[in-house]
Every structure is written in structure tokens, then in C-alpha cells.
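Below you'll find the structures, each written out as C-alpha cells.
The same subunit A turns up in both complexes below, where it pairs with subunit B and then with subunit C.
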Partner chain A sequence: MEDTGIGLWGVPLAIFSGAIRVSTPFIFVSLGESITERSGRINLGLEGTLVFGAMTAYAIAVMSNSPWLGVLAAMATGAVFGLLHGWICKFPKVNDIAIGIAMMQFGLGLAFFLGKPFIQPVAPHLPSISLGGWSNYPQIQSALNINVLFIIGALLAVALWWAFKNTRVGLILRVVGDSSDAARAMGLNPDTVRLLATAVGGSLAAVGGAYLSLYYPGSWNEGISSGQGLMAVALVIFARWNPIGCFLAALLFGGAGALGPALQSVGVTQGYYLFYAAPYVLTLFILVATSSPTRSLAGAPGALSITK
Partner chain B sequence: MTKLLPMNRRNFLQTTAAGAAAIGLAPSLFSTRAAAQAALTVGFIYVGPKDDYGYNQAHAEGAAVIKAMPGVTVVEEENVPETVDVQKTMESMINLDGASLVFPTSFGYFDPHMLAMAEKYPDVQFRHCGGLWQEGKNPMNTGSYFGYIGQGQYLNGIAAGYASKSKKIGFVAAKPIPQVLQNVNSFLLGARSVDPAITCQVIFTGEWSLAVKEAEATNALIDQGADVITCHVDSPKVVVETAAGRGAFVCGYHADQSPLAPEKYLTGAEWAWGNVYTDFVKKAQAGEKLGNFVRGGLKDGFVKMSPLGPGVSAEARTKFDATLAEMMKGSFSVFKGPIKDNKGGDAVTAGQMLAEDAIELESMAYLVEGVVGSTS
Partner chain C sequence: MTIELNTPALPPLSVQSGSLRPILEWIARRAEPVVISLGAIFAGLALFSIFIAVVGKSPIDLFKLMYTGGFGSWFSIQNSLSRAAPLLLTALCVALPARLGLVIIGGEGAVVLGGVAAAAVALPLTATVSPIVLLTVMAVAGMITGGIWIGMAGLLRHCRGVNETIASLLMAYIAIALMNHFIEGPLRDPASLNKPSTAPLPADYMLGNIPGMDVNWGLVIGMVACIVSWILIEATSIGFAARIAGGNVRAAQIQGLPVGRLIVGFTALAGSFAGLAGMIEVAAVQGSANASLAAGYGYTGILVAFLARHNPLAIIPVAVLLGGIDASGGLIQRRMGLPDATVLVLQGTLFVVILLCETLYGRFRIFNPDLWKMPAVKGRTA
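Showing the complex of A and B:
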């Protein structure tokens, strides 16, 4: 009997590889949402955009045999969803949270309806870069098969963090997000900025969906997301609207989500329902630990409807 | 929004089906045979999409078989959650479509949803897929049907036992309910009939359909050295594709997944619901009483095996065929004592031999020795 297992090392390895494999949709949705929220608007509909993006990417990849075309198509539909949300929210007395929930249901329903014929076909997957060639362990080689989208997400997080601080576009976004009046005084139209920010946010969220259906788990069905888009929106608040924070929080969620299956695979089999709750318990702890009775949410854009 | 769409789709399907049936039957209107068959509307409710390469597809394929029978109208609704939603679906099937026989196919539809409807509509017959119906406790217009697919998982285990080099096999399971535990145990016992040193690692995901967690579980099993994977989740597509992508062999479940991994697919335990539904419909049309407790296995045509894949050796094929032949005679027992459970207790005592229809198996709450995992 040859032993090919890696025993207890499986747990940290699973957390590490889970952080990379599972986190990518969280990264893209939360980065997109951080752009939208920095402009002073909340788009809760990203769960719908994520699922619709997953469906579009899969369908286009099946039909064109090119996964990258699928990603582009998903980005386009995500932008359309964002534009729709931004356009409706422009009207007076419209609540962006309510529209977000409506857009979420709309996106889910439409994706399920149009996605029917694509549950069975098999789409080509997105490529990954193999960084584990130095190791003799197939487990490590597999864990270090890193998808291109993950790398793009990581670079994007740094780029956004820098751009929010140092570029004119970043400044415009922050002014609009902090005070509509100040933005108007500067000659900016807050509605237009928010419209564009929501569109960009939507197209990033759809890339997260494309990752789900075209790489991991790499298949389209109606349960593909199971709420990841909603969790990613919450991650933005958890990460205090900081793109690098979003990236780290997404890694944390991905890694914690891998804990349950990994512990069972090394024989820690009691109470797996509790381990599956690990990401949420972790979030509660961090929120409690970082909360303060004396100041309000640091970094929150002033014009956001939850802070008003 | 989400409620309206399936309703429309179903109504649409139903109208087109009725239209097609009318056109198809028109030439035979003068034949007394077709006219003699009572018109029967049958409702099918699925918890997920009906082309999921899994549980729902198996049922939908069965529904498609009876759709072709004369005098039968089939109404279907997919993606119905195991909540009060399923009661609304049943009511609309009964009141709007005139369904007199309803098959709510998912485990969680039974209590309280199907039972509530059965009380409200005593003239409608309800048959639930699973092992929950109890005589004396549940109304007589309800009942259950299920297949003894454990023997299929035992045959999967034989194919896995020969294919495994690491002597570790893996099982991705949804919830620790008796039917799932029986499949896990049967899979290991089948593999141990080839080599008693084999162990089977089980991971419970906690839900019937969680794509990301199923992929994580499959990866975790393979990281621990398992080289043949099977599963009991609603849609095995993700598990099959992930395992084959990592180079492991797979055994299928529910439906035939060989198109997803033609090289790595060994065999699979599939449902053959078409035979079961045909039987129910024939009885209903003839005005006979429908069975309340309908069970059957490989030999009764309730369960079938996928064709063996290219990864199955000649030696494995011989043993597979011999065991299958014995099962078809009805004399085979998977749970033959003595069998210990994986906590050291007695699961099946020495000399005890549980046939596939033994009622003890429907309340199984243990994992046998050699399975690494826990039921809670």
C-alpha cells in the first residue's frame, strides 16, 4: 500500500489553495462594489450580475469555443446591468438598495431562464499558470495552478488602491462619494459619475461570475453562486472600502471556506456543520474586534445611503 | 418575478404537450383502444434543473417515458424549493392542470408539504421518492417508491477497487441520511471485496447542491491520496469534472456522466425511473390501486449500471459481471455479517444476512469499518 496522502499538511495546503481557488469571485465582486460604493451608491444587485455573468460567459464559451470571449461578453452584460441600476437610481426618491434587490432577482431569474440550454454542454475552461513545477508533490502542483483571473484580480486591487489615492479619476470618485454638494460645486455631475462607477462595478462582478462557470468549479448550473455575490458586497464594508482590504478579506473567506472539507479529509469529522460556519464566525469576530463605540465606520463614503 | 417564470414555462409546456397529443391522437380517434384509456394528468416536481446530469435528470428521463404513453398528460415544474412553494406547485397542478397523480421527487417535499396536500386533496394520489412513508402513520393516498441503488454502489466499489492504486477511495456525500450512508457503505464493501485493505474517505458537504464546496471536497480527497471518487449529491457534474481534471477515476451516480469524463469514468449506478413510472401509470389508467410502498433493485429494473469505461481492466470486468449476474438472480446480499461499524460496534452480527429489501437498511445510521468519516 503506497501512501500518497500528505496527512495533516493537507489542512494548511487546502486553506492556502482554497484561498486562491475560491476567493477570485469574491475579489472581483468586492473590487467592483468598492468602486461603486466609493462613488456614493450601493449596488446590492451584484449577486444577480454575478450569476448572469456566469451564465453569459459559459454560454458564449460553449458557442464560440473561446473562454476569453465568454469573459468579455460577461463584462459587457455586467456593465449593462450596472448602467440599468445607475440609470434608475438617478431619478429622485429612488432607493438604491431597493433597486439593488430588484436587480438581483431580475438577474437571477433572467440567467436561469436563458441558461436552461447550457446546463448540459461542456465549455472550454480558462487557462491557469502552473507555478508548482519545483515540487514533487502533485498536491502542491495542483494548489499552485493559479488562474490568470486571480492574478489580474490581485494586480487590480493594488492598482485601484493606488488610483483612488493618486489619480484625478480617483479623486472625482471620492468627492462624489463623500459629498454630492461639493462635487456639484466643482462642476461635476454626481449622477453621471455614479452611473459609470456602477457600470464598471457591474462588469467586474460579471468577471467573478465568469471565473465560477469557466474555471472553478467550472460548470454552469443554477446553484453555482449560492450567495457569494451578496457576501462579497458585505466584504466591502468589512474591508472598509479599501481595495487591498477587499483582496485580503476575499482570501480570508476563500481559505476559511476550504477548512470544512479539508478537516474532514484528514479525519476531523465531528461537527462539520460548525466548520462550514467558520467564515461567518470569523467575520463576526473581526467586526466586533475592530468596532469602536466612539467613532463611526472609518473610511465610509459620506454620501452612501447607509451612512446618511 | 421568479415565481411567474416557471409557471409560465410550465403552462406553456403543458399547452404545447396537450396540443401535440391532440394532433398525434387525431388519426386514432376512431380506434376504441385509445378512447378506452382514461385521460390521466401526472405532475412531476423537481428540486433542481431537469438536465443536471443527476438526480433531477434521472426523474425527468422517467417522466419523458410516460409522456409517450397514450392518454397521459405530463406537467412538470423544476427548481421548486423544499418550502411552502412546493405546496403551491402541487395545488396549481391539481386545481389548474387537473393532475390526479403527483410525484414530488425531492426528499424534503414529504413532510409537511406533501402530507398537508394529501389531507386537503384525498382524491389525488401522491407518491414520494425516498424512504419516508410509513404505513399506519401516513395517509393511504400517499406512498413512497425508491430503488435499491446500494447494490449499484457496490458494483461501483468493485470497479473502484480494481482501479485504485493508492488503496484509498473517496466519497463526496451531501447529508448523512440512511440512503446516503448505505451508498457510502456499499461502495466501500464493494471495493473491499476486491482488496480488504482499501479505505474510503467520506466528506459531507451538508447540502444537496453546493458546487464550490463539492469541488473543494473532491480536491481535498485527492490531496489525501484518494484515486477513485464517487458521490451522492444532486448533480455529480462538478465532482466528476473536478476529479477527472485531477487525474482520478470516477464512478457515476443518478445518471450517466460518462460524456463528461470518457477516459476516467469507470461505471455508474443509475436510476431507471421510466419503468417505475410506467407501472404506476398503467395501474392508474386501469383503475387499480397504486402501491404505497414500491421498491426494487437491479433485477426489478429500478436501477441500472452505466456501460463500463476504458479504465476497467479485464479482471475487474469478470468480477463485475459475475456479481451483477448474482444480483440479477436476487440472491446477493451486500450487508452480510459480521460487519463492524467504524466506531468498533457491531453493525451487522455474524450470521445475519440483510437482503437488499431488508427494512433495517432504510434506517441505517452507521458507517462501516474502513470508512473514514462521521455521521454528525
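Showing the complex of A and C:
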């Protein structure tokens, strides 16, 4: 045991800080995906967008020495990927799930191709805010050292939740997502709405990638993502397309992911690798428990292909 | 349907050649997927050429190198075939459920668990049975494990309405965690220091090479699996029922077809093929189960299946083509100074363009004999 002075309290503390650290990319990707799916389309290619965003953010941050410029550039490329996905999906007979898988491969390939020269250089990191100054324990101080993107993500979740309910744009998005015919009757073009929703979703996913390369782990390499972009799709279903639900689901997922390392830090190594499966088992279990063979999921957009 | 698009009608045939019509119809109906797929591949290659030119390299040199690296010599052909072998089986893991309208993307999970199961049953048996018995037991263990794993996604789909795409994906991550648990823990060979593995198979128990080739038997097994799957889908009543259920579930249910059993059966069969790929990886390539099992064969298999439009026979040439592209990666990296991800960019471009071209089906009158404006039609209907 290390002489930390807080003993087993280190476990919940490590889970807490781990949850925040791990969940941030999930928050952004799942919020982006919730916007896209609310419009009635699914983008399974966010893994590619996320990795490309991570590469762009890192490259721009290296060149401009400004991490925030990197985040902005990532958002722009993410929007381009989203637009491409949205444009392709508007053609008849094109399967949005399959296109997502293809876009994922394309995005990964392009990111690895263009990102090769940026594996060596070091980019400036995104800042964090220290909320733990009141404590004397360095562990608590470091656990409360919260990155700025997490806070932005939390605020964004609340804002989106409000906007879906109360704004004109939110209403348009929901109408298009529930019924293309109803949207057309209202004079809306579902393809345009979905195109824009996919673009916004892509740019948020790219922010998730920027977090990975510019904060934690804070470097660019080909193994930067461990499937965060793919998992976000599951998280959105799990969260019932509710932005606040997405935030909480991401936090829960992050906490489950931090369980293994936290237990290891206090000397529990039995079945260490099984703890890696914890977030996936948890998500699968909740999906199974809440699905039903006879009706579609509560809160599901009517036009969404994946819930039929 | 936008059938009134601008394809020129065939020139009117003379009355004497009316007997040619059935042949022309037969050709026209089968030509559509071939022509559209080839057109899509060329369009994808053209886009990729533009990309390579923009990066400042010569696309011509690149394609020459790709040919040399993939198919230019007996050595490179064997290399390509070796890389194609696991893709045949993992593509079937996507293609079979796809005929039922299910998108399974977690084949990777069945590959790794199939490999671990094969290695696990081999451990206590190695000294006591003959190689052929051992390999059979390993194959059965790999297939059962993979079949249960993906079959579970089908079962959840049927019984609980859980989306099979998401479920199979989650299960792939769980499978990789399980594999790491077993090869780092209970099944770890203490002698494997740097790379945790199960105890290696003795050399004479390994699955060998096809005589006269430097390619293991996995290639033959994969091809047989593709042919058997094709017969199953195209020539049996089970396959017929599956195609109906894939086209319209309601119609299939009204007809009294056992949709649930079809879903579970097809996903289980699909998973057992992926599990077999894992077993072959252990028995013919690695010699033991280790982290190299999660090499992405399951994910490349998705690409192969979609490019082959879920036709098991078409999987064979597509897998060989992708194996060749993959095999040429090293040469491109060495000779042209391009990153190894060049191959991934090409694969991604092809994948996107080919799926985009799905929209062209049914748009060309030339492929649909019912719409040909020919005197023969009048003559026959009169």
C-alpha cells in the first residue's frame, strides 16, 4: 500500500476523477449523436470523425500553439464529415448504418494517413480548472482538477435538453425525426434538416476527439481511441435520446471504466482485465432490460432505422 | 422509382433474332450488379488517384506497386491469399445475417473467443490424441463458442428486441476483455514473458499448408464455407425462407415461417464461421491464443461482405482483392514513402463509393428487360 493517508477512500475518489476524465469524450460524441438521431438518422461513423478530429486538433495545436484553435479546426472537419455522411444518405436505397461503417473506415484511414507527421511533436494541452484548493490532500486536489471541456459538455447537455423542448429548432428536429411525411406537410425538407443535424453531430464528435489528443491522454497516435465513437451510439439509445441522459450515461460509463484501474491502485488485481468489460456489460444489460420485442423503445424518434 | 432515366433503349431487334431474347434477358438481369460494382470500383479508384495526386505522388506508380505487391509474383499472390483466408470467414459472419436484414458488426468478438476456446481445449488434449482429432476438436470448440456469441445477439434481437448491431458491438468489446483475462490469467503460459499467450501448440499439431503453396488450409476451409453458405441461401428452402424474412418480416410471419429460429440459426452459423476463423488463426498462424487474435479481421470482414453485396460466392474474389491491397501496403510504404494507412484510405474510399452506388440499382432500363422497348415484347404479349 502506498502512504497516501486516505487509504480505501482512494477508490471512490479514483472512480470519481476517472469518471470525469473518461466520460468527457463520450459526453460530446453522444450529445452530437443524439442531435443526429433525433432528426431520424443514425451516424455510425462518428468513430472515424472522432479520430480525425483528434488528429486535426493536435496538428493545428502543434502548428498554431493554441489548443482552442485546434478544437475549432476539429469542429470544422467534423462538420465536413457529417455533411458528407448526410449528403450520401439522402440518396434513395443507401443504408445509413452501412455508410456509417464505411465513413468510419474512411475517417480512420485519412486520419492515420495525414496524422503520421504529428506523432512526434508535442502540442499544448487544454486548460483545467482547479476546484480542490480547499483540501490538504493532493489526491483530492488532483481529483477536483476538472477539465474545461467537461464543464462545457455539462452545460451543453442542459442547453440541448432545454432547446429540444422549447425552441423552434428543437421542434423542427423532433418533427423530422418522428415522421418525414409530417415534416414535409409542414413545408420542411427532411433531407436538409438531417444534413445539418448530422453536420452538428459530427462537429461535436470531433470535439470529443480533440479532448483525447489535447487533454487526456493528451497525445496523438493511431491507438488514441478505444471505440469511444462507436460506444456513443449505444449510449444514446441507452439514454433514450435525452441530452441530460446522455451526460449521465457517459458519466456512469466512465465511472464503470475507471473501476478496474481504481481497484488496481489499492492492490486489487484479481480479474483486472474483466473490469475493462464492466462498462460494456453494464450498457448491454441496461439495453436488454429496457428493450421490448413488441414496441419500439420509449422516446425513440419514429423515423430512426436502428430502433425498428 | 426513377426508371424513366435516360439510358438509351436497346436497338430494336429484328424478328429473326427473337430467340436471342431470353439469353439477352438472362444476361441483362445478371449484369446489373457486376456492371454497377465494377463502375463503383473504378469511380473509387479515380477518387483515390486524385487524393494521391494531391498529396504529390503518382497514382500510376502506386497502382503498379499495388499490383506487384498484391498479385505480381507467386510470392505476393500467396501472401494475398493468406491475408484473404480469415476475411472469407469473417465476411460470412456479416453476410449471412444480412440476408435476414440484420447488421452484425461484432464478428471480431467471435474471432477472439473462438481462438481462445480452441486454444483452451487443445491444452489438455495435445499429448493424448492425434493431430487430426485435436484440430477437429479445436475447430468444433471455436465454432460453438463463436456461434453462441453471435447467436446470442440474434437471440436478444428476437426475444427482447435489442438492436443486433449495438449488441454485437458491445459483445465484441466484452469478448476482447474476456480474451485478455484468459491469456493473462488462467490460461497464460508462464513461459510467455513479453507477449502473454496460451501454451503453444507443438509444431506437428499445427494446421499445415496446402501442398505446393505457402498458404495454410484456412483458405480452402474459407472457400468451402462460402460455397456451402451460397448453396444454403440460394438452393435450400431454409435459405429461401431467410430471404423472404429479410425482405419483409411481416410477410414471412404471416406465411408462418419460423422467423425467430431463422434469426437465431443464421446468427449462430455466422458466428461459428467467425469462431472458426479464430481457431485457424490459432492453429495455423499464431500457434497459441494471444492478443494478435484481435487484429481487426472481424471489422475488415464487414467491408468485404458489403462489397460483395452479401453474396457468399462474391465474397471470395472481394476477399482476395482486399487481401491483395493489404499485402501491398508494406511495399507502398517502402518504395513510395507513403504511410501504411494509404491502404486504409483506399479501402475507406472504395467502401463509401460502392455503398453510394447502391442508389443506382433499378435506375437503368437496360438491366430490366420488362422495360425494353422492343417489338418482340408486343409480339409475345399479343
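The rule we apply is simple: the second predicted complex is superposed on the first by the 296 of 308 C-alpha atoms of A that agree within 3 Å, B and C clash if a C-alpha of one lies under 4 Å from a C-alpha of the other, contacts with A are read in each partner's own complex, and residues count from 1 in each chain.
The rule is simple: contacts are C-beta pairs under 8 Å (C-beta built on N, C-alpha and C of every residue); 3 or more make two chains touch, one makes a residue touch a chain.
Bear in mind the structure is a predicted one, so any value in this text is a computation, not a measurement.
Following the overlay on subunit A, a clash is recorded for the pair subunit B and subunit C.
Legend: residue contacts after superposition of the two complexes on their common chain; A:Ser142 is shown touching subunit B, with no touch to subunit C.
Using the contact criterion defined above for the overlaid structures, shared-chain residue A:Gly302 touches neither subunit B nor subunit C, since it reaches no partner. By the document's definition of touching, both partners, subunit B and subunit C, reach A:Phe112.
Of the two partner chains placed around the shared chain by superposition, subunit C is the only one that A:Ile99 touches, whereas subunit B remains out of contact. In the superposition on chain A, A:Val281 contacts subunit C only, with no contact to subunit B. In the superposed model, A:Val266 makes contact with subunit B only, not with subunit C. When the two complexes are overlaid on their common chain A, residue A:Val233 makes contact with subunit C while staying clear of subunit B.
After superposition on chain A, the stretch of subunit C that runs into subunit B among 261-269, 333-341, 351-359 or 369-377 is 333-341. Within subunit A, the residues touching subunit B in one complex and subunit C in the other are 105-106, 108-109, 112-113, 116, 222, 271-273, 276.
Across the interface of their complex, subunit A is touched by residues 1-2, 5, 9, 48-49, 51-53, 79, 165-168, 197, 201-206, 209-217, 219-225, 227, 235, 237-238, 241-242, 245-247, 259-260, 372-374, 376 of subunit B.
Subunit A makes touch with subunit C in their complex at residues 44, 48, 88, 91-95, 97-99, 101-103, 105-113, 116, 222, 227, 230-231, 233-234, 237, 271-274, 276-277, 280-281, 283-284, 287-288, 291-294, 296, 306-307. For subunit C in complex with subunit A, the touching residues are 2, 103, 105, 156, 158-163, 165-167, 169-171, 173-174, 177-178, 180-181, 184-185, 299, 302-303, 306, 338-349, 351-352, 355-356, 358-359, 361-362. Partner subunit B is touched in their complex by these residues of subunit A: 1-7, 10, 13-14, 17-18, 21-22, 105-106, 108-109, 112-113, 116, 119-120, 122, 138-139, 142, 212, 216-219, 221-224, 226, 228, 257-258, 260-262, 264-267, 269-273, 276.
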